[in-house]
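Two complexes follow with chain A in common, the first pairing it with chain B and the second with chain C.
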Partner chain A sequence: MGAELGKYKACVSARSTDKEILKHAQDGGIVTSLLGYALDTGIIDGAIVAVNKEFAAKHQSLIMRDNTNWDMVEPWRPFPAVVSTKADLLAAAGTKYNISPNVSMIKEATRSFGLDKVGIVGTPCQMQAVRKLQLYPIGARDVGAAVALAVGIFCMENFPYQSILQLVEDHAAMKMESVKKMEIGKGKFWIYGKRGQVVQLPLKVTHKYEQPGCHVCLDYVANLGDISTGSVGSPDGWSTVFVRSKIGDSVWANAMAAGVFETQPIEKVKPGLELVTKLANEKITKNKNTLEARKTFGVGKALRSPYI
Partner chain B sequence: MSKVVEISPTTRHEGHSKLVLKVNDQGIIETGNWCSITPVRGVEKLAVGKTPEQVPKIASRVCGICPIAHNLAATEAMEASIKCEIPKDAKMLRHILQLANRLHSIALHDILILPDLYIPGTEVMINPFTAEEPVRTVAKRIQRLREIGQTVGQIAGGDCIHPRNTRVGGMYRNCSEQAKTKMYDLAKEGLVLAKAQMDFMIAVLRNYQARESVTVGGMKVALPKTLGYHNQGYLATDAFYGSSSLDECPTWDIDRFKEVRPWDWYMGEMEVSLEEPRYPVGGTTKLGTKVNPQMEACTGIPMYDGQPVEVGPRARLVTYKNYDEKGTVGQNIAREMEYTDSLYEMIDCIDALNPDGKVVADYIPDGDGSLGWASNEAPRGTDVHITRVKDWKVQYFSMLVPTTWNFATCSAALTGAPWQLAEVIMRGYDPCVSCATHMIVVDEDNKLVAQKLIQ
Partner chain C sequence: MADKITLGYTHLSGCTGCTVALADNYAGLLTLLDRYVDLKYMPTLADVRHVQKVDVSFVEGSCCINDKLAVEELKETREKSTVVVALGGCACYGNITRFSRGGQQNQPQHEAYLPIGDIIKVDVYIPGCAPTPQMIRNVAVMAYLLLKGTKEQKELATAFLKPLMMAAQRGTTACFCELMTEVINQGLCMGCGSCASACPVNAITHEYGKPQGERDLCIKCGACYNQCPRSWFSFDVVENYEAINEAIMAALQ
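Here is the complex of A and B:
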């Protein structure tokens, strides 16, 4: 292998210096701080992020508006939203183990939201979509040039909402409303309740609930983000950060100079890049097998590999 | 002894049309026929049986120059038929969208007519694509004005060519405060550019008007002072936006409208008896070619009070602002004067827009089959769409588009002009031919369409 971590200019372990952000953030608060910094300095004038139901119901003008009956919307259902203030950004902090169609908002962000410089957060597949849209802007006139910062997040696989419901309500025997945080780490799926209870599910249990579409993806560390980040490889409360593109490099350098992050060399932290590499290879190997297996699907013709 | 000359295809406008001209020995047009030869789109037939949501989207695809007018006229015709009132902010967004399209279209038209005109004080005809000054500055200004129009259209309408934000019952979404500010800034920037562009164009047009003669394909042609004059009257439904049968006082009357077939109006079969190989580009049609405007024209001839009328910027200015200059130059100047008008109006609309306001009607009826029409003042004239919606299905749909109105009027205006300038007169109407080509409905007894419509 060797290409499993993609191209990057620098890799560090980092966390936000903003205590308020760390309180809400999943790990090191990298995405929230970075977008907050980019908003403050005018690198972007708005960002597409995943928000929760409560925020979406309160700020309906920031999401794709329809006649949603908010009483019927389940808790922990993520909504892509266009936010342009730090306060709104903070409300979106934290991982939602769910599909949030952020790219669906990218065109609207440049239209009725009037953004000229859009920041977007997404999983590796969403980064692929953003880059593809920039390369072939069919039905997306003037959108590509407006993407000013794309932050990718590490992703092994994602879950449809029904899966999360099953995992939380059946396997963990908790109500969705009472969940405070969800996390995948140390080989387990952790669910923290609002009353302080913690449930851990072995990942073996969660596998069958994964979204099947994720099983053809060969990207673990968001190779196409300007900057990509995730908890894997860094100690608790810290995040591993890959600085990949020129844009990413300049934004990261400026953010560092402004004291937005504190960092440690990735070589010095445990478990370090070794674990990231291991998991990336695991994902790639496993999913390559799916791709191989899919060649035998279908009547007379195999399902096409998305990588050819 | 009159001769017949044919210019086909005509250039520097949207669509496919031709001019068949009967000229006297001095080359002055006695009878001119300007007809569309774009194949029929069939949109009106496609629309039948579709939902009112689909039809404006299809109608918009008839052409890419004023799709916004088609989209809005069709949407509002649906609303008129089902009797649905839309919220004020949705109306404001539609106004902004429509004015943005007008701004873009005027700028585009400048590029199309500039090659007919001269740099004042010289014998140099303007090539808008040259890198030399002063033309390059003008070309850049035109492109920026187009960009401003398109960007504002994108914000208000979702897309600047085929807007996706419009819907029956209002708009899909309002814009954000940030977007409102952006539109405002763009409109303000546009206003400065538009003023400069308007002044430039009017100066160039006045210079053209003052000339004794002009050169066309190396031929020196005397320029008549009455170039493009006609006595056909004007039709406009609003200074800016339009009207619909839902209005308290509609400004268009379906009873005064009727449509005749091209074979009742245009000249019959003739043979080309004058050929001019120097005429740009590539000369006129070869001697001996058979022409038959009656059979070749693909449009109906709409009439208002029994006569073809002129629609477009001059019609709007004559009807609502006491403008009184006739002729091709007067028409082009009227168009230039709409530059700043449309931006001032756009700024007013942006001011009036509340980004937190509701943009979809609370109740959207399914329609009871009653006749509804809506007109929208497209950049090049009144665009009227007529429909009947019953149980959320379109039963009847008809488009009376700007250039259809203008075909017969322009044909009348050709009389008395040197044939070499026929295209200059035609371009004054900023023709957009492909949408003008549409099916006309006559029953077996050749009964008039309008009468049939309102039965």
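Here is the complex of A and C:
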């Protein structure tokens, strides 16, 4: 192996210096702070992020849905929204653990939302989608050059909404609306209730609820983001950050100079890059095996591999 | 200039939207014509309108098989071109002409329109309705590098064009149905949202993280299927996105 972490110019452990953001953030508040800084300085004039139904119902002009009865929409369902203020950004903070089709807004962000410089947050597969549409803009006229900052988030796998529902309501016996935060870490799926209760599920339980599309993915640390980040490798409350592209490098350097983040060398923290590398290799090896197994699936017929 | 590639443009049953998309490269089109491409014939933008011998032919529109002239022009294009590129949804997949019911004045006997791949061998697809100016530009630059570039440039261009050649070999249908059978039903969809953003008629939404297609709205342009990162994806090309984007922009400076 060796390519499991992708190309990067720098890797650090970081967290936001903004206490307000840290209160809402999943880990080190990297995505929220970075996009907030990019908004403030005009690097982007809006960002596509995943929001929850409460936000979506209140800000219907920021999302694209027709005739939705928001009372009927379930809690913890994510919706892509185009936000252009720090307050809206903050309201969207935190991981949702089921897929938000953020790329579906990327063209509309440059159209009815009128953005010239788009920021987008997404999983590794969504970063792949963004880069594919920059190189092969088949249905994305004038979009590629408008992507000013793409922030990737580490991702082992994702869940359909119904899976999250099963995990929270059946396995953890909690109501979806009473959940404050979900998290995967230290080999467990953690569910934190609004009243302080905590339930942990072993990951063994969660595996069968993963969406199958994730099992052919060969990217763990968002190799194609301008900057990619995730909790793995850093201590609690901190995030591991890879600075990858020229855009990422300049944005990160400016944000550091502006004091948006405090950092520690990744070599100095526990568990460090060793764990990130281990998990990346685990994911890639497992999914390469899945791709191989798909070739022999069925009788005289193979399942497709998307990779050429 | 001697080392330009020659380009032709055959216009069949298309709405000229693809031509407009080509022209919408603005100054980029002028640079292309200046340095890389010698436009030999084209009904709208050149004086010569009839098919000539060229390196690369773009074909816009599907082919009406009730129209002898259209079929002959298409076959002549194939004979006289080294590379035939199906430009746009109609040439690739039939697009809205798949829904033709005839009776279109002033040729009411015209009723059967086929994607050009059903009649001739096509080498490269540029799907989309309309195809984007940037996609046409990227393919034009890569075609130039393939035919006239150094060894490294040829390798890059081959890798870049390979998925579009494979799309041409794959067949002449790609609508939301292909997204369904080739991606979602194959357990490959992870709900990124690319298809919904690519759809020119907003026929795709996402419900519970998976695309939901309104098949009555679908015009069969193939944009969703081909934009999907799980229909085809080349790590060799996409991982070098920065360098390739820079090379293309530099070529047009």
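The rule we apply is simple: the second predicted complex is superposed on the first by the 304 of 308 C-alpha atoms of A that agree within 3 Å, B and C clash if a C-alpha of one lies under 4 Å from a C-alpha of the other, contacts with A are read in each partner's own complex, and residues count from 1 in each chain.
Here is the rule we go by: a residue touches a chain if its C-beta (ideal position, glycine included) is under 8 Å from a C-beta of that chain, and two chains touch if they have at least 3 such contacts.
Bear in mind that the values here come from a model prediction, so they are computed numbers and not experimental data.
Once the two complexes are overlaid on the shared chain, A:Tyr161 sits against chain C while remaining clear of chain B. Once the two structures are overlaid, the count of chain A residues touched is higher for C than for its counterpart among chain B and chain C. Using the contact criterion defined above for the overlaid structures, shared-chain residue A:Lys246 touches chain C, although it does not reach chain B. Contact with chain C, but none with chain B, is seen for A:Gly144 once the two complexes are overlaid on the shared chain. Once chain A of one complex is fitted onto chain A of the other, the partner contacts of A:Trp70 are absent, as it touches neither chain B nor chain C. Of the two partner chains placed around the shared chain by superposition, chain C is the only one that A:Val216 touches, whereas chain B remains out of contact.
In the superposition on chain A, A:Arg111 makes contact with chain B only, not with chain C.
Shared contact residues on chain A (touching chain B in one structure, chain C in the other): 65, 108, 141-142. Across the interface of their complex, chain A is touched by residues 21, 126-128, 130-135, 138, 160, 162-164, 166, 182-183, 186-200, 204-206, 208-211, 221-224, 226-235, 237-239, 241-242, 244-245 of chain C. On the side of chain B, the complex with chain A involves touching residues 151, 154-155, 158-160, 165, 172-176, 178-183, 355-356. Contacts from chain A toward chain C in the complex involve residues 6-7, 65, 77, 80, 98-108, 122-123, 125-126, 128-129, 131-145, 158, 160-162, 211-218, 223-224, 245-246, 303-304, 306-308.
Listed in rising order, the residues of chain A touching chain B in the complex are 45-46, 61, 64-65, 82, 84, 108, 110-116, 141-142.
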